[in-house]
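Chains: A, B, C and D, in written order; residue numbering restarts at 1 for each.
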């Protein structure tokens, strides 16, 4: 397995950004290589949380971008375009540089917590780019953010932070930053949705958020995998499900 | 010269941050080592723009933090505290880890463009930490930002970006984000200001901003070096003055 | 936990070398910090194989040098002085730069396979620097190498490789590259030996080498921990014993 | 310009190796990209000594491998195969991973001092891979090494070092480690030699080595560029000629 650290100038961020990458050494020239995007959580940083032996076994590249604390969305300010980075800029860069990431059939996306939200949101925003979504312990917090008033916030961050990331809270539920809106648009247009695998630990404070999104998908008869099992909002649970989801994605 | 890449968890950013560092190999255990902070410009990234031979000659450590496009200020949102990072968090980290950066007499700060603004602002905000300021081609744009109205911006970025970085534009000129306010507060309190060296190229679009700040300092009878010479907003000019300012800082 | 990548010019190697480092963020200025050297195996590379939570719990720095395939010895050629690097140059660098690694009481060394050999050899060569040795699945192959004739070698490498690393095979058993010679010298001089913890998996092809060294230590009545348990020459076994040995080193 | 750091498992070295890379951001998918290998000197380390603006202007990738102090040769010991790494393993890796480095017409090689020797030797050993050679201040020392006796050496390194890198000194002048032998073999086989550009500073202690190789090439009527001008064995001279040679390579 090769390990790459790549720094390029991002127009979406208006500055350099760095991503980490895992690439099978034994890649064959003519043969396409599948790619898995890995999205980290809030207060975390790019890192390959897929074990090397899985990337070896299924022969895929792992791409780990830095999302800072952006919720992987296009924020209000110039240079905070993390969703466009994930769905357009970075795939184009990878296509140009490595010849990978050519279409939805060969590109998947997986994240935990803020990254679980990002995987669902980005996959539903760019279904022509991402064929499969894995979302663990997802911070599906748009309904909470939509209630926020100027001067408020929560124990994690202040109102200005949430407004910068999600846009005006009062307009959030009907905006493209709400994954439900994106799913409904795809259904209305008759566009195929990415395959989805959601999971959450039963001790996780975000469990109800996953249940609600599961119910939303059921209400639209959108097929998806949904799993709960004992576990908390931690690496033990994510290690267990990273392996399960990677096998679900590539074992076919 | 040793080169170090250091990643630590920043409470100011609520996530990991990485800085680059140059450290003389021949440092002696008991002997203190001077430190120079280097602040990059807009759309740039941490990098040591001081030539190694100067750090070798004057035996100082160079510390190059990543300021993203923050204007090195504490922004409105949680986790955008770049000024506190520069003035408190990072010096404390360096003191704890390397035994350097102990006081204003052994710590200097130098930047260009956005980093020139940052050097002036941070040095005047933390005169007990920074004894000398070098500010090249500084983006002293608070008077322009103060005029911005919602929905506007300029060719570089939108209103939301400037508001996030500088706070409410209408309150900017009297806020601590305005270096003039900081200088006046130090004068009123009778606190010694850091030594300052300002320069700008005569072909630089930001020349008037440096002239105005030079005049402001003169109007308060604050001693400082001020230099103009032929040059543009580019590395050629900054290379020339980086050497001049480093010699001004350490050659005594 | 901070992560550092440090590149310095090594006189022992006559070129730059890079080591990785883990350092507790919450280190207190006046309080000393213990240090654990981690030595990788043949065909491997510097990497912190101690889990962060252990370094956090016991508040130690982990230092991971690159030993290439040197068996952590001073080879015949100029610039192949890996043992001197470990025992003198790098501790002096760490003392100068971070104020750590001051004596045997605050410095330990742990490795696996080639790194297990290196930990034993370096610790016995520099008992004034390393107070504790952890040696897992150690490649204690000096008796095999001592038999090699020009033109031979084994399935891993050729005769020239072994001669370069270990010196003339015919002189090896009585040279300072043989850990047994070092132990006997310390006993003869009445110098205290480092504390030692040896382990090997019962399925490991190198098991007999550990048993023989265990018997050698017993024959000299040198106190040491020795453990065998089911396991192979792999990360599963090393993960289990890294935790056990770290607790044995620091849990007192 | 993107900057990449790539670590892969090298069979030639029997361990991981890391190279640095510069890659134009604006590379077009279908269009081939030319590649320039950059070989560092003795006691140095991988680093891109070509200015970014030149790589931008001529749109080439720069690949900077780590040659340690190997003289870029296949040494006697297992795992010291730096020439095979340069001429076979690394081009194959780059072809597989980036789709570059496909033939002699799109691959050039440039180095200084030990790297100048390496560029000449590797280019003449693999003319099907390297179409152009740039050799600055080359350490063409095979005639000196060929005279060395066991127990001797010079002020740089001992006999064992030279024997490990160059093979038995007594056999060196007729071996494939001698660039003259390689050139004569290509002439005998009627194979086209790479284009060559040699230069050396008139104050450089290695000047006579370049003059002798220049005369050797003339004696075989092998066309090549040869330039002397005022300068020493230092970065000032190499900066000047790096630009000249890059323009000679790509400006057509």
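Everything below uses one rule, namely that contacts are C-beta pairs under 8 Å (C-beta built on N, C-alpha and C of every residue); 3 or more make two chains touch, one makes a residue touch a chain.
Note that the structure is predicted; figures quoted are calculated from it, not measured.
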item	value
Interface residue identity across copies chain A, chain D - same or different by half	same
Centre-to-centre distance between chain D and chain B (centres being mean Cα positions), rounded to whole Å	42
Whole-Å gap separating chain A and chain D, where each centre is the average of the chain's CA atoms	44
Computed distance of Cα centres, chain D from chain C, in Å	35
Residue numbers of chain A (touch at least two other chains)	7, 9
Every chain pair meeting the contact rule	A-B, A-D, B-C, C-D
Chain B - residues contacting chain A, complex	7, 9, 13-16, 42-45, 68-69, 76-79, 153, 156-158, 160-161, 164
Touch list for chain A against partner chain D, complex	1-9, 23, 25, 27-29, 93, 95-99
